[in-house]
Amino acid sequence: MDIIEFIVGRYNYWIFITLMMIGLYIVISRGNLIKTIVGLNLFQTSVFIFYISIGKIVGGTAPILVGSYKADDSYGEGYGDESHGAGEQTSGAREGLHDADGLDIPSNSLSAEVPAGGAPSAVSGSLHQMPDTARETAAGMASGVNATYDSVADAAAQGAEVIYTNPLPHVLILTAIVVGVATTALGLALAVRIREAYGTIEEDELEAEDHFAEFGVPLHPEQGQARGGAA
Amino acid sequence: MSDLLAGLIQNPGMLLIVAGVIVALLPGRQLRAIAALAAIIGCYALLASYGTAPMDAPVLMGESTLFGLDLVSIRIDRLSVVFATLFFIAAGLNAIYGWLHASRMEASMGLIYAGAAIGGVLAGDLLTLFIFWELAALSSVFIVWGGGTHAAFKAGMRYLVIQVGSGMALMAGVALTVAATGETAFTAMSLTAEDGSLNIAALLIFIGFGVKAGFPLLHFWLPDAYPRASAVGAVMLSAFTTKMAIYALARGFPGEDILMLIGAVMAVAFIFFGAAASDLRRVLAYSLNSQLGFMVCGIGIGSELAINGAVAHAFASVIYKGMLFMAMGAVLTRAGTLRAAHLSGLYRAMPLTALVAFIGALTITGVPLFAGFVTKSMTISAAGYYEHMLVWLALIAATVGAVNNIGVRIFHDTFMGARSDAAKVSGDAPLPMLIAMALAAAICLVVGIQPTLLWSMLPFDYDYAAYTMDHLITQMQLILFAVLLFALARRFGLAARPRDGVLLDVDWLYRVPGRIALAGVVRGTAAAWHRLWWGIQAGVARLVKGLYDTHGPEGALARSWPVGFMALFTAVVLGLMLIVTFVAY
Amino acid sequence: MSDNHHTPASEETGDTGFFEKPGMRKILWVALLASCAIFAALGIYGMVAGWMHPYFTLDGLPVFYALAGAIVAAVLGAGGRLLSEALTKPSDYYDSPADETRPDDGEGRP
Amino acid sequence: MAIPGLEQLPVLPVVIPLVAAPLTLLMKPGRAPWAWATLVSWVTFVVTLLLLEAVWVHGPVEYAMGGWGAPEGMSAPIGITYYVDLANALVLTLVAGIASVVFPYAYYSVESEIDHRQTPAFYTALLICFTGLLGVTITGDAFNVFVFLEISSLSTYALIAMGARNDRRALTASFNYLVMGTIGATFYVIGIGLLYQATGTLNMLDLHQQLMGQSNRMVEAGFAFIITGIGLKLAMVPLHLWLPNAYCYAPSAISAFLAATATKVQVYIILRFMFSVFGFEFAFLEVALNAFIVLGIVGMFYASFVAVFRDNVKQMLAYSSIAQIGYMLLGISFGTVDGVAASLIHVFNHALIKAALFMGVGCVVLRLGSSNFAAFNGLAKRMPWTAWGLIISGLSLVGVPLTVGFISKWKLMEAAFQTQTFIPPLLIVLLIGASSLLAAIYIGRLAYAMLLQPVPEDAEPVKEAPHLMRITMWIMVLANIWFFFQTDVTVGVATRAAQALLDTGLGYGGAY
């Protein structure tokens, strides 16, 4: 049962790995440049899924402060400085991500049971299991700095009772998607140019022509003839 | 700029190197030759201004640091000064000899080469020595290439590899020394550490020196490269590299016992090769190697007399060997060939060159009144005094070898006898060549007649009387009876010239089986590689085909364009990394 | 000492140089034999007169150096010959003969 | 940081070329984009020099992007930070310095090799590539490295493909590089994702704090992905196959620029990750270092052997670059201050060497239209300045004294002797020497062709390369000699940089 749980609990990894391997295999085995790019895309997509899945929890909401947050005058300062981003990124995320029971690869909280009331369960390995820490952190910072921070600490404490999805991986992968698009565009553009220059986008024919250009002899004489002499 | 450059530029050798670069830019052979000679004289004047100093109290100049290591650009003591003076004389003779015939490359590289040799013997620390060691190696390669033939190119490549290899051994040894002690000073070392174990650093340095000194089995570059150079180039080559190594051995390993054995083997083994070789400059090269054995023996004995003998013999050897190479160069210039089989009777057309060759033969065999007599006697006496009988016998044998190789082969067979077709040449050597040869011959005579002139320059004050009756009688007996035997053998048809062709040496090992093995390995690796890659592809394809029937025949089997290959390789590397990571501990 | 049975190239009659004249050859032979005899005799006399200072017992022999010269010469002659027979290969063994020819580099060198 | 008036300094090396790049696109083809790019590279070079000086004097500099630094009481910053210590200050200066010489050089070469109308696009891509390389080096944020890596890579693919006008193989070379580069970068992202999952931070220094003592499957897998990904971009030996063609068919100026900078930046990233981020507490590091020894040595020999037999000088130099990367890996693999310093020194010196060599070849390509060995026959008579420049920098590659190559080799040997690895130090040193011999062979072959081969009889007379190209090339050649005498800059900075790297990794001394 443990094994099944282990496997099922990490199904997002399996999807990611399978997709990645399919993509890589296409890159390895396909001889057509366009298909190679398709494989490359699949390969990159698997990484997108990986990133998205590690940041997502079922029942989690977007990282927007919920509840009574009154200190409007200090909103920007408070938000930007610590209460949310810092608290989440440094303490909550770090400790939360790593499973308490010492399993190497944390199972994803997609499958973990999330209590309906929003009160985080102490055992579930979610991103936001540490409201106490967050509250303490916020309170600790607030005290002795500025009285207006009291309200911030208050808000953070309330916020901690809501389950947030970690936005950072999603933001990161947005960047990666942009990069992926650029790569695909450039790859396809190159394929077009190759087609113009060589008249083909089949890799073995390209290789035969390059080989001929470099060494002056056909790469595979018998094959070259059988195919009507690509070189 | 740093004080390193300031230190280096005080070294006359460095200045000569700079002069070499400038000479490369001058137009016209005459102008280049004049500039070269002026530079040599100027730099010698600089050296002379530094004076000299006894062995135990050297004068150090041009101290600087290079990333924390102490460098001493110049060390003046009697050992370094005598070698530097010798190299200046040799450089001057070379410049005169090549007045009309040195190409731009040879004129310039010859100066750089001489400068590197001078800088090397003046260097006060191992790093500076290495700097000049490498410069000498690299500049001399161009002189080998100056031969201009494709064979010269290939020989030059081999020469380059072995010379740079010698440098690398030296560099590794120096690096190890510095890592172990932090000291860079170039002083006497020992191959055995204090606890009796092998001193690896010293051994590496020893090997580095040994390659250039032509130790047996490490010598093959010498007879390989020297005969390929041009007439002018061979003279330059004969002077510097090997003698620089002799200096380094004398400085670093005096009294190292193994040197006696090595020297004895060198002295004897190479006279046989010299007797068997057919190219006359190859004969000279082997003979040079045999003479180096004398010096190596002397350094190995390590007494004051023996070191003096080795240095004195190095001095004489540069002059007379250079003279013989000059004579052969003159023959090459006029007759166009140096194959022994094609030459005889040249004395009719080239009497003066023949005379020079004769003087060279008298000097190298050690006939009294010539330099070789006094310098050889010192080493032989030292071997005798310290009762190294094997060394002593080897040196005697080497003397007889010189009678055959130089007296008979170089002088008699080439210049005497009936005139061969190739010997019908238009005239004697060109004037500058004759002048250079005459000057060299004069030095041989002066040193032979007035040896105290040389002895005053030697490292140690040692009162040695060369002209005693027993030296005269024994030496003359040795030479005359050897000559008699060769003459009788010729008279009765027992001796013949060696066969025409190439003489195999140690280099055969890497030039034939080595090359075949390398080609085999390359081809085998390529084939195995190909098979592996296709095997993987085929395996993967079969697997996939078994799993999905949808896979068409145009699939993975047919292709080998690198993208897939690289991607697969990346995946394999990643997989290995992951496996190793997970299994590692 | 200018007898040469093995001059490989063409022997030309009528082109006898200074050293090839029969009288000259005889003089050279006589000179060589005479000086051999003189130095052998001097060696023996030197032993008696106490000129010689042998290093070992071996070179205490009166004509040791003469013998050594002759023996080594004989060994060397034979050894060189054998070595030449054993190790000499045709000139094109390593490189093609064309490698030895020098392309004209426009510098007008030999 | 407390350097008055220079608060914004660390961000400038990235911002200046990044802002300048799109402006280039608007210019008229011809001289203007080139002059603009050159100016930008010079300004950037000055900025990096100031930065290097600031770091040398005041210690590491941190710069929080948009003021999103670490709040009080917190160790980790919220936003992206730039973190400059001596190690990356050195690499930054190197990249900008090379750019400030290669950009002016590029003018004639680009005019002859690239369609005139494309020149603005060319210089735009070049500046973007420049930005990316600087960004990778300067940033202290692991994900930001990926972004800049891809910025530089994407523009590099385009730049290489522009060589297609001379030889269409540039296109396939570029395509190969694109596929491989993308796979490498993606591996890197996966690795970063795993690390983020384990620690919740992307800041390199903070990553190190969080990773301390953590050693589980996830961190290890992350390590493997990151090293493989960067190893690919670095052309570490079994992953090098994209490099030779890419360097060979790219426009000459691009070959010179990339050979001198791109792989060097990757070496820095490897160093940063191995020592600063993972550090010596990370048990697997030792395994990786051992692997690097083997890969380094294999690379040194394999690539040098291939280089000896190449008939195209550009390809020969490209393979030589792969071999030289072997030296750098070897230095890293010692895991000591001396070893890492030797590696950094070689990064610097090899950049000078390869820039000079590729610039020389570029001059030949400009005048003779080919980089095959045949074009080099008798070059010393036809283009003496170029030929002698090539010879001197070639000697530097071999490691001859009086050139910087010697310093590299010496430092590497010295470091090898002070290290205990599973291969005896002596053997390593001898192997370094032996591979130098191979370098001597291929450089010797080139030198022979240039100096002693006769000029082909039917050859038309050629002029020397334009002054601009010759001067810039000779600046690099003279730098090869200058930095032999002026070792404070390289050895001094590199040693302190290595100390800093290993100190943050807490590995200084005998942890390894």
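Residue numbering begins at 1 within each chain, and the chains themselves are lettered A, B, C and D in the order written.
In the analysis below, a residue touches a chain if its C-beta (ideal position, glycine included) is under 8 Å from a C-beta of that chain, and two chains touch if they have at least 3 such contacts.
Bear in mind the structure is a predicted one, so any value in this text is a computation, not a measurement.
Engineer: Which chain's mean C-alpha position is nearest the mean C-alpha position of the whole protein set?
Structural biologist: Centroid comparison flags D as closest.
Engineer: For this structure, I'd like the pair of chains sharing the most C-beta contacts.
Structural biologist: Answer by contact count: the chains B-C.
Engineer: In angstrom, rounded to a whole number, how far apart do the mean CA points of chain A and chain C lie?
Structural biologist: From the centre of chain A to the centre of chain C is 88 Å.
Engineer: Averaged over CA atoms, how far is the centre of chain A from the centre of chain D? Could you give it in whole Å?
Structural biologist: The separation of the two C-alpha centroids amounts to 29 Å.
Engineer: With chain centres defined as C-alpha means, what is the inter-centre distance between chain B and chain C in Å?
Structural biologist: The answer is 26 Å.
Engineer: Using mean C-alpha positions as chain centres, tell me how far chain A is from chain B in Å, no decimals.
Structural biologist: So the centre of chain A lies 66 Å away from the centre of chain B.
Engineer: Can you pull out the residues of chain D that are in contact with at least two other chains?
Structural biologist: 175, 179, 183, 217
Engineer: Where does chain B touch two or more other chains at once, residue-wise?
Structural biologist: In chain B, 148, 562-563, 567 touch at least two other chains.
Engineer: Residue numbers in chain A touching 2 or more other chains?
Structural biologist: Only 24, 27, 36, 206 qualify.
Engineer: Residues of chain D touching chain A in their complex?
Structural biologist: Answer in residue numbers: 68, 71-76, 78, 143, 146-147, 150, 154, 157-158, 161, 164, 168-169, 171-172, 174-175, 178-179, 182-183, 185-186, 189-190, 193, 196-202, 206, 210, 214, 216-218.
Engineer: Help me check something: in the complex, which residues belonging to chain A touch chain D?
Structural biologist: 24, 27, 33, 36-37, 40, 43-44, 47, 50-51, 54, 80-82, 85-86, 89-90, 92-98, 104-106, 140-141, 145, 168-169, 172, 175-176, 179, 182-183, 186-187, 190-191, 193-194, 197-198, 206, 210, 213
Engineer: Mind pulling up the chain C residues that touch chain B in the complex?
Structural biologist: Residues in contact with chain B: 1-12, 15, 17, 19-20, 29, 32-33, 35-36, 39-40, 42-43, 46, 51-53, 55-56, 58-59, 63-70, 72-74, 76-77, 79-81, 83-85, 87-91, 93-95, 98-103, 105, 107, 109-110.
Engineer: Which bits of chain B are touching chain D when the two form their complex?
Structural biologist: My answer: residues 1-2, 4-5, 66-67, 105, 127, 130-131, 134-135, 138, 141-142, 145-146, 148, 153, 156-157, 160-161, 164-165, 168-169, 171-172, 175-176, 178-180, 200, 562-563, 565-567, 569-570, 572-574, 577-578, 580-582, 584-585.
Engineer: Contact residues on chain A for chain B in the complex?
Structural biologist: So the residues of chain A in touch with chain B come to 24, 27-31, 36, 203-204, 206-207.
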